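Listed below are the structures to be examined.
Shared between the two complexes below is chain A, which has chain B as its partner in the first and chain C in the second.
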Partner chain A sequence: MDNTNVETVPKLKRVLQKFQKIFRSDANIHEKRIQRRLKLVNLITRRLKAIKIILFVVGYLWMVLIPFPHLGRGTYIDENALQPGQVNTQWNWGDVHVADRYLEQLEHVRDANYTSEQRATWLREEFGKLGLSASTQSYGFSTSTSNSTGTNAYAIIASPRHSGAEAIVISASWLSRIDEGKGTINIRGVSTILALAGFLKRYSYWGKDIILVISDDYLEGMQAWLGEYHGVSQSGKSVRSTQEPKADLTTGLNAEPLKLASGVIWTALNIDYPGHSFSHLGVFFEGLNGRLPNQDLINSVERIARWSARVPVILYDHLDPREDAPANVVFSWMPKTLYEIADVKSYLYQARNVIRNVGYQYNGRGSGVHGLFHQFRIDAITLFAVPATGPHGFHAIGSLIESTLRTMNNLLERLHASFFFYILTGPQRFLKIGLFLPSAILISVAMMFHGLSTWVDAAWVQEDTDNEVSEKAASTTNKSTKWRQRPRPVIKVLCIMAVTHIFGLVLFTVISRPLFISNYQVLSPITFVVFSGIPLVIRLIPQPAPPTGAAPASSVLKALNLCFASTVISIITVLNFSLAASLTIPLGVPLVASSTSSSILLRLLKYTVYALLGLGWLIFAQDEMVKSIWYWESLRVWFAPFICIVYVPLLLQAGISCIL
Partner chain B sequence: MSLTSKIPSTPEYPSFASIFLILIAARLWVSLTDLSDILKHDQQLSSPLTSFSQLKEGIFLFNHDIDPYSGGSFRHSPLLLSFFVTALPSSRKLASVLWTCSDAVGAWALVRIWRARQNVRQSPRDVLVAASYLFNPYIFLPSLALSTSSLENTLLLLSIMFACKGKASASLFLLSSVIHLSLSSAIMLLPILLLLITDPHSHIASPKPLSTPLKKAIPLFGEFVAYMVALTLTSTLVAGSWSWIPQTWGATLTLPDLTPNTGLWWYFFTEMFDHFRPFFLMVFTVHLFIYVVPVCLKFQHDPLYAVFILLGILGTFKPYTTLSDPGLFLTMFAIFPEIYPYMRYPIVTVLLHLHASLLMPLFHHLWLSQGTGNANFFYASTLVFACANGAALVDCIWPGLMIAIGPRVEGYSIVQE
Partner chain C sequence: MNVSKCDTKHLRCDCLTFIAQHYTFFPLALGQILRQYAVTEMHLALNAGNWNYDRWGYPEEQGVGTGAELWAWMGDGAAITVDERWKGLRNALAGLFCASLGSLDELRTTSPAQTFIPEGTLPDWGVSHTVRHASLPSEHVCTENLTPFLKLLPCKSLSGIASLLNPHRLFDADWHGMGVHVLWREGEGVEMRLTFQSVSDPLRYDSAKKQDWSLQSLFDRTIHRSCPVAQSSEIVVALPKNALYSIKPEPPLIERSSAHFDVNTPLEYRSESTQFSVKRTLRGPSQAHGQLSVVIVNHRPYAIHTLYLETMPWLLQFYVHTLEARVDGVLQAGIISNLTYIPSVPHSRPTTFQALLNLPPHSTVQITMDVTKAFLRYTEHPPDAQRGWDLPPAIFTPVELATNDSSFSVKEGRHYTSTLLVDLATPDFSMPYNVIIFTCSVIAYIFGTIFNLLTRRFVVVRLDQTKT
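Up next, the complex of A and B:
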């Protein structure tokens, strides 16, 4: 600052100038600034290794701490319009008797071995007897893994108070979720729906159409019904409707069009009540492709069950050991006294919930029939009546559904309010997005830092043209003189990366062929050998020598590989946190650890480790692979193509960077 | 720089024409798949001012003797309307072919610009330049979605190409038609005039004041005004009244349609109270034009470089952007290889673009298909995209200034006083 006319400068400015003098002194401002910047850069670069390690440790530790009982908060109702449990329910013992009568008839239907079509026709007639418009829908599914056919039955209770622009679905699949729909019949669930049909029709306060769906099989029936419902009648989704015909060709779904239609479905409840009675109601909520329903839906059901229907609600079928003594688990590795500490017990219980959630979410399969609704932006959950000898039955579940429907009936707009990102650690406890998302992001940041530092390091090389002695002498005074910048072969590395991703696409095309699926036990190991061997074979072909003085392709490949992997992880977090968190394990530390070495044997060993990490599922998880392919072909769950086209190439790139 | 010294000799390089044809054939093959029908409605690829379905609606109304500009949905220029009604096809497959041809012409123009800048008849880099236009996803995808912004890009590139060749009339006529299609492109006028009175060769490393007197640009400007007036009258003739002006140019200035796009305007004006609207519309519009004179002053020794930078500003800040606007800017990096060694943080820019280009479709999906996100999500991703474009702009302005100083010397750093 120059000496300006002191009189004209206001007092405040003079004070400011004084302060500036103190901080900037007389030295050149620019010089100071450059020095400050250098200092900062030095500070970071010198501690980069420590920063990276801290980020990794904090990230992984955070993930482990997600079920910690003191993290997170109690659930609450965010949408004031819902007003859960504020109505008197009308469902009474007379309706329970009706349900019991339906149950008897259904048992007859079951024992008489009705075909799907006969069963659906019977259900349609029962709905018809109640005066509802009802219909059936036949479908056939043929994918490269399996074929199935069936018939759905559905009925619509037209809203007496509204035009039917919106709808709520109550559904029950014929097969229960026990053993993933392997054969237990959801017989009381279906009876509940039938009894509810007659009951709900009696009341005039419905502002939304109520659609009752009894879908055949476990998932297939509901998928056929939902697909047709949205392909034909929901014209609001114009983009989807243009895609639908094509999607149908590839999914191999051949469904009869629906004869009856209603409005936009906002929410759906799926009832699963296979046993004689139940002790708890389990909530299953994970949808396809990692989508979660609005938390208000779960919270409303939980509150209604607790205060109105007086049924305890649990997550999945996990009984809370803090409330039910029989649910205490004995861990052989853990002394009983340690287990009895409240926090440890809570942690283990919540960890069990979180792990179950991750297991349903990461592969995008969802946790049941309700998951299918999520493809069409419908918030849906399954209420699972945990089989027990008592004390609850039709009375509790009927009034719970009635009250929940009344609550959903209150909605004037879709559930929104960003209440879609959460981890439920217990039926009344959850973590907000800010409390779990950073764990995966921190790891991705650490990977990005490592990638960037590898990238920068690749550009510099130590000159060794000078003799050793003079260099040693120079190193103390001026270190930077012996560093020379060198070009990095970016185009070549990008080509390698692109080729690996195309390679992944080829792999996916191969494993989703019907021929492969039908002989997968034989062909998978062969595919593993072929696909992990090809990069090695290509490596053996003599290549043109790299230009002298350029950076080695391996380190540039490692840098770009890490940057890309980090981007993938951080972006997947918002779409499917469980998948992102799972990816941090095989991608986090392993990709950072990749490096070449002088010994050929060690290089090959490293490559094999990466190949196993990337493609090992071809040998060790064949059943899961076939299932994932089924989910992709029939339900468009993108986990299988993601693994083949993104995950496998990322690990192969790391492997290639070891043998380059 | 080293490329200029190479003597062009045809047999050494693989024939440019044949590779170019292969590239176009690949493009054509993709454009004839069903991909186009899926992408057609994507808001990131076509804005209300450039959407093909809205163009078809306008053609339909026009053919049924209804003034297409009387409603609020058709905002394309009457020039496009008249072309599509009379000469050009409106069926989807033929349109895909037309759009691919337009991109091919654009790529060819870019190659000609590159050659004009290097002052060579052919170079080994030609194929790379053409491919960087044809296979830049930011340009490819809007073209697949049949966004008319692809046509605007082609016209603009042709205009720049003619300016490089010194063909003033062709260049100015094309520029005025680009401005008719998209008013914001008016910021390209000054650099193109400068380009016409100087030459396109790379003088970026040797800054000097403009050698030719600015007076020479005045008749050119007059010619440009004449073309503008002629095209305006033609448009009025086509539309039958002046009502097209508020619907096309007016839309650029007053932002009546707040359909989300990749730009920075829509969210801001969605959130704004109505009584601030006129003021901020003025601020945003002026902001776009504020860069023209400083950039042209600073890079008066190399007007093609000024064109490059202003394309970046246009792609980042214009209303109703589609991906093809920043796409054109990013592709232009291919014709300035001399700046690469001086770029500051190219990897950061690339990673920002990688993040933005993955986040935008993802958040768009979360908001509008999956329903778990909301408008703020998509807006946040467009902010990341704006940062990425800003970083790319810094990555072209910084080396453009540094190249004159020369390579970095260890232990020294450069500051601006």
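Up next, the complex of A and C:
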């Protein structure tokens, strides 16, 4: 023992001395440090191209891998107070019979073609017969895209023994979500609510008021009801006196004030049960402007459905091909041998869920009536009874809602424990924010690197030496090249950028005019031509020649454009990941690829490509455009103004940098 | 819904004065507290649920605000100040009734003398009397409060009407509340009133879902004998006005559409619908600003005058200049008068806001006022921070205007609005480790850079050009 110690001590000392020599050589340590830093910077700058490519590839690949079955983890309940599925449910076949009776009456209401006011009055009377405080609210919506009127009916089960400062909402819109409220009546959803009203009132354990809302139409009714409940005008910005029957001029919502009031709404369940019976319960959860409900709500419903109500839960209406054979049809385009691999099958199924999620989230529209609740910090989801020939019906959905309400009733605080940022890849699997956010960030970092390098490059020009050797020398050694610094026209470029954004604002004002909306099929292509043509026309006007020796405006514009686009993407990732991820496709590689060229034809071609990327929706997605404008005007979904004021100008800037 | 109201106990103490110290019937435990803190008049109410005036009419006992409410009149001029005695009274009553009355602290104490006028008389000792009032909406009532309450009764819950006080049923009722009222009447002495009120839904207990009810079905108990020391013991049943009914046993006395059963002499019973209904809401989804909206509907064909009182913790601060009154949606002057406003002091005193309202006949008056929501210190948040804060109810007191319109006198029938829950900006307390680690990193980084800059010696380093 002693011997070994004696031997190792000098050895250790020697190693230490060696290290000291490396790190603290006799030379000036400051010089060493600066040199080390320079070396590192050199290393990065020299390999910048490779780093950018790697960042891009990893970023895009990561996005593609989000649905990978081994990424992510199983869902779990985070809030201990919830205790889902721990109660015996009392909903029985007698209550199902009551629901069936209501259904018969509702079918009569439907067939007798009641007006929405008559229908709401009928519903109010039915609630009144159960001994509940009930009322109706009529409203009118007029936006530049459409006009609609209707009447909502609602009732409040006042919580016994409690102050009623908190409330839970169970709602059903009159129109089902099928085809986005084009006409299928959510008739069984409404009868479920009516039957639940009588049922829930029988129990004294409710710690929160239960508000039952049967909203008219698809989204409009609930928006009018929620807006009045929270006493805000449509924009959600200013508090407005509700006693005023005057129409809100900006959005054209004219809603009657609510006669009954309750407390702060914490959670809401929206029931959508249009068919005769159902095989699965689909959960829809995306809210307006990309907001998601607390994951505990979805997880509790899923647990309760699985263990208490015995109904399979799915995301949206996507059946799981691993469990239901008919779902395989969707993926019939896949070669059979490849498809049979378990991971491939899971990947395809999860990819379908993720794509649907992105589709609902990126444009901020949400996936249904529940999305409206999210504006007011209410966690809400829609339970969609996927129409099928069986085997579930009122019994399953009733006991599921009862048990879920009991779970929500347990809450002492708002739902806050679980996740607000997640991607559900399946009903029981999800990705935390750390597992998907970096994908978009990596791409934006690559764009930022490219922008900064373009910016630095613009400041330097290679001195024109008299012979051609210089070029050769530049590629071989750094020593013989002569670089000269030159000014960069920042003000001019910033002006160009500002003008394009103002241009976007003008575009948005134009397309949201009622005159434009009513003739959009004719006017959209004209708008496209005008708005993509104006930059070209301005280019034709002779401009004062740039000072000699200055950097070309096009490269400075490209640099600033890339830096700005990268910043926009990074910020959007935390607001609405789906939107940010979608933006990386038209903004990521295309903006990096922009460049001028000597041939005018090629320049024009490039400009056209950018104009099509930026403004192409005026020609190819007109219906979507009209819808987005409706969502902005009536629900304040900022997708439409964002596209016009941020996205279009970014691509126009890239286009302009090609023709400058 | 068939609602039955039960006023359970009305007990008048015959003991003459405190000085006599007759504690035969008067509970010693309460008497000692009142003596110790020299309280002239005291009212304590502990209620659960929200009294629905529109459906249930006026309650027998007017103090029905959700949660705990305590108010007392005390003579000034003693060696110990009123505020100290008020503190002592709160804590003593908290101990006696096992309720969190100790939390009715300075953050919640106000002196609204016009709304809470003494029910008895104030002795003329040549000193001024002041009122102290506090309410705690988040206080819940349960069995542990009922047990000490029953102990104050001479027969406990062993006999008489008090034997109906079955906690299993009372605390399952849609609304229930108990009250302890002590007051002094000139020439009569000290009067104590112990009340228990509940609103139950007979349908809930009846499997046949019929609207019939009996004492047995409502309370799961019956009265076997009256309390021997009680002078009167009476059950009053309000009879339906426009419907068929049968009542067994046949009541010995029916007057003003109510049947009287003498369990052992008469108690006046009135059942009238409310003159007005009130809906108070806090609007606006933001955590920084909002709007307090009070909608009052006058059901009567004549104008009503009422005092509107808000005793608001400093969590919600009023912008009184934005106070507006609209009648049926039209802005109108002359609705609000006699404004008394004591602004809140952040982190301590609550706001006292009182106004005299003139409600035109058959009209809807909406009063709105912008409010700002407080930003709390992190130690001020309760353990259940994400719940929000319960705000006490507003109180409406009908008043009679004198002919010259300059003075008014308060009438009976205080009206409590529902409580409110306010969301204040709340930090995410559920992830303290992340927050601590993050904050520590930031502080370490800032400290490190600044320390580095302060201690560093700046030198010019000449780099060897060939190396770079």
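What we mean here is this: the second predicted complex is superposed on the first by the 600 of 660 C-alpha atoms of A that agree within 3 Å, B and C clash if a C-alpha of one lies under 4 Å from a C-alpha of the other, contacts with A are read in each partner's own complex, and residues count from 1 in each chain.
The definition used in the following text is that contacts are C-beta pairs under 8 Å (C-beta built on N, C-alpha and C of every residue); 3 or more make two chains touch, one makes a residue touch a chain.
Everything numeric here is computed off the predicted structure, so don't read it as measured data.
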Identify which of chain B and chain C touches the larger number of residues of chain A. C
Is A:A158 touching the first partner chain B, the second partner chain C, both, or neither of them? second
So in the superposed three-chain picture, is A:S204 touching just chain B, just chain C, both, or none of them (first/second/both/neither)? second
Output check: A:R291 vs chain B and chain C. Expected answer is one of first, second, both, neither. What do you get? first
Could you tell me if A:F421 is touching chain B, chain C, both of them or neither one (first, second, both, neither)? first
Who does A:F564 touch here: chain B (first), chain C (second), both, or neither? first
Is A:E166 touching the first partner chain B, the second partner chain C, both, or neither of them? second
Looking at A:I34, would you say it contacts chain B, chain C, both, or neither? Reply first, second, both or neither. both
Figure out whether A:L412 sits in contact with chain B (first) or chain C (second), or with both, or with neither. second
Please work out whether A:G231 is in contact with chain B alone, chain C alone, both, or neither, and reply first, second, both or neither. second
What residues on chain A does chain C touch that chain B touches too? 30, 34, 239, 242-243, 377, 414, 416
Residues on chain C engaged by chain A in the complex (per definition of touch): 1, 48-50, 52, 54-55, 66-67, 137, 171-176, 201, 203-204, 279, 281, 283-285, 289-291, 293, 295, 324, 326, 328-329, 364, 366, 368, 370, 384-388, 390, 418-421, 423, 428, 430, 459, 461-464, 467-468
Which part of chain A faces chain C closely enough to touch in the complex? 28, 30-31, 34-35, 38, 131, 133, 158-166, 202-204, 230-232, 236, 239, 241-245, 260-261, 263-264, 375-377, 412-414, 416-417
Could you pull out which chain B residues touch chain A in their complex? 34, 37-38, 41, 347, 351, 354-355, 358-359, 362-363, 366, 369-374, 377, 410-411, 413, 415, 417
Chain B-facing residues of chain A, complex: 30, 33-34, 238-240, 242-243, 246, 291-292, 377, 414, 416, 418, 420-421, 448, 452, 455, 480-481, 563-564, 567, 570-571, 574-575
